[in-house]
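Next come the structures, one after another.
What follows is chain A paired twice: with chain B in the first complex and chain C in the second.
Moving on to the complex of A and B:
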């Protein structure tokens, strides 16, 4: 897939940092600080899909929320379409909200259990879009059709839908305001493999059709590689490696990327026989890559990769 | 001669407000002593129910309609509550997906483990603590003294799962049922836990039944495995045989749906439709509505599990008809 890169990136993040204060420390007098995102810089161009991979606690979700300004950064700049948004007030952010939308991991939790599908998808149209109810019904139907659902789903509640259908509703809701950027935070992690494939196909298709830009966050390197043009690997709040997926898969530079790559099941062609296996699992067993407890709280000057 | 564990035509249904839901519709499989056996399937296919039934841990709403589970020549389903009590922990242990909910948050790891050892092995407190410590060491945890006195929330996910495994192995059971033991864990930790399981298997002469939705995990760790769909085994066999030539259309579709570098930029072969909500109500093959190779007979009768090779069996009419599924 070729991506036409415009001159300026849609999103540019410069030295972005987010610290969380941890509770405790009253005995020692030292407040512990968790460096969730630490001096991260990246660019995402219009129409591009950038994948952020890393394990739980590496700061990838925090990064996504910072870009959406759902969290306030501790330091650094966020440029959206050339405009600095890191310090904008809530009211100033509101017009930008319709351009950036988000899909979360667990659709059963991110969809209101008390609303019907029609109301869930219509809500952004009503609250931000200012579209009257009678017009919104047709628009909602169009959105549902775009994600592979139909009129028969309009009056259902989330609990009457399967996990995959719920995630389709969440995507339809995210698309309601014609955004340019979608932040996808583990959109298929709660789904079965066969359904995951459906949703991944849908996301690839939507991006092509609507010219969307993706920030795709996942712990699954295989999934990210499938959807994204470029991949950034995060570890302990920092981006340790980034580049086109093909290059990273062919020659992972950072030891952490190697461990991550080795731990995913991959289909290899061995004498024409398809084999699924965890390739470098034996390597991971060795204590050299004993990555059991990533520790985002700095100890002394450096990190403690245990 | 029955094998180590033999499940024969097991039917289990759940009573709910909306009527009866058939979870298992004739599960037949056998596990041999000392092997790592995989039970694979998607959400709702009945893999956890199968695991719970083996330990007599089914919820009250479940009813065993027919079938048998022979473990070491005894039918588990015919056991009394007391017999089950001495079976669980002693002969069969189970570990669960999420170690943070499976461990009791208000007791230390040490006291939870001691209780198991005292109950089942009749040890005194000091002996029980020593045994718990030894087992924590065996699962590769550092600083055992600290872990014994730690509460579950002090430990990371991987450490908790190791502690769970240590607790499950306290009485050196013959069979360990591991229900999605790595699903809640990161991939690098997953690799460690799976490596640990195969290591412990040889150390303790253990048979492991690994319940998972992840075919990659199965490919790397299991000797044999069964694919479950809608409460039935659709394919069972030696891992190498099934991955070399998957026979059932569902197994093939599952393998094709996994994103791989080779498939970059191409559409993934997603399986259309969803798993049937109440597979018991479906006549014929439960996979028929989603199958690309469906023909008339599939909709009328359910295909039985038939051996297609020495170490592989398949429940599909395709190979019987001589047709080629792929």
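Moving on to the complex of A and C:
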């Protein structure tokens, strides 16, 4: 996959931080604060796919939501196309929203059960795009075809579709407003392996065809490698390592990355490495896995007293 | 983005809708069909009372001295009352305040309570707190007692009784919808609408409220029976419909004094009310079962 880098990054994040205040502690006076995203900086260039990898609770989803400004950052800057958006008000964000769209993990839950597929995909067209109903129907069909669905799905309700079909509808909806950036938050982790592959291939295909930029969030290194040019590894709210996917796979620098790689033996066999090699490697990486474990109290992201 | 052109004659296939599913479930259940039929008959009889009732003038309140307190007979199916009026005609006319008005009361209570609850749950913060404390205030009193107090303050009469019931019933809907709204607020499809740039009032109207429809519908169906009883209670106490107009509660009150020598005057409006309330309760149960997630196919 070729990386076409323009001069300025489409998204630039500078020492972005998000703290969540945890409930309780008002009696002792010790307010506990969750450092979900801690001083993260990264750039995503136009046409590029950046993968964010990490275990559950490492703050990668929060990072995605911050970039979309679905959450307000505690500190730091977010530059979208050179414009600082971290401190914009909700009303000021509305015109920018159509340029960045999101696809969520759980496809059934990301579609309203009361709306038909046609209305779900048409919603951004009508409410934001200002396109009339009769025109939007043709447009919706075009979008559905683009994600591998057809006219027979138009009048279905989400509960009548499979998980993979729901995810295709969610992708069609995300594409409706011609966005430049797609934030994909674990788009395949709730799907069967066979369906995962179809959706991933669709995403790769769409990116090439439409020149989209992806921020791809996943815990599955194999999935990220398939879709992304560059990978950033996140651990306890910080980015511990980033670089081109091939380099990270060939020579993981950070012990946590090594542990992540060691934790996917099935991935090894998928990549043609034989069983014996796989075993040896997992033994070699045993200490690396051990490194990630000794955090008894802070499960996932670090709990630190403020 | 390029959109693939389509042939002009695209056939649109309709999948099975929730409405069709509901109809299938109802058709399989004889009780629900029965209760629906009963409600429909009541509705038609009340709406077309002047044409359905055998003695429309008496139904509306005109007394007829020659036929005082006659027992049920082929001429007067439910007998006549102390003023010689045909009880059957009165029961049919009584359905207007006793059944149509509660329908309007519940409808209005939903219209006021549901949007307030949806916004409160969605916005949270001070708005939520304010609305919920106000509903707490209302819910602290028994609904019927509150309605009686309000009617007493406003003055007797059907309109005031109905208004009083609306005032004491909307907080229930605000409460129910607020709970549903809170659980929907953080769902992915709402977040997706946010990220699309859909404005908040549109999100509430298009995503939150339609997804609260199930609890509203079930509560409204079960509530209708209660409101019919409350309306009857107010009429019985002389706070609702004023004589000579007919109302089941009022008729029971009027017939109460002669229950030993002319049982039919009070019993038939009682039966009319009981059957209708029962029908609504049965329908409410069926609806609740249908919308229960465990009943999904």
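Side notes on the structure shown:
As a working rule, the second predicted complex is superposed on the first by the 264 of 306 C-alpha atoms of A that agree within 3 Å, B and C clash if a C-alpha of one lies under 4 Å from a C-alpha of the other, contacts with A are read in each partner's own complex, and residues count from 1 in each chain.
Here, a contact is a pair of C-beta atoms (placed from the backbone, for glycine too) under 8 Å apart; a residue touches a chain by one contact, two chains touch by 3 or more.
Keep in mind the model is a prediction, meaning the values are calculated, not measured.
Legend: residue contacts after superposition of the two complexes on their common chain; A:187 is shown touching neither chain B nor chain C.
By the touch criterion stated above, A:55 is placed in contact with chain B alone, chain C being left untouched. In the superposition on chain A, contact of A:237 is made with neither chain B nor chain C. When both complexes are overlaid on chain A, the residue A:138 reaches chain C alone and has no touch with chain B. When both complexes are overlaid on chain A, the residue A:156 reaches chain C alone and has no touch with chain B. Once the two complexes are laid over each other on the shared chain, residue contacts for A:209 go to chain C alone; chain B is not touched. Within the superposed three-chain model, A:201 lies in touch with chain B and out of touch with chain C [touch as defined at top].
Contacts from chain B toward chain A in the complex involve residues 42-43, 156-159, 186-192, 194-195, 213-220, 243-244, 253-255, 257-265, 267-272, 274-275. Partner chain A is touched in their complex by these residues of chain C: 1-6, 10-18, 187-189, 191-199, 202, 206-207, 210-211, 213, 296. Residues 68, 70, 93-98, 100-102, 104-106, 109-115, 123-124, 127-128, 138-139, 141-143, 145-146, 151-152, 154-157, 159-160, 170, 173-175, 177-178, 209-210 of chain A are the ones that touch chain C when the two sit in their complex. Across the complex, chain B is touched by residues 1, 55-56, 162-165, 192-198, 200-201, 204-205, 219-223, 225-226, 245-246, 249, 259-260, 262-267, 269, 273-278, 281-282, 284-285, 289-293 of chain A.
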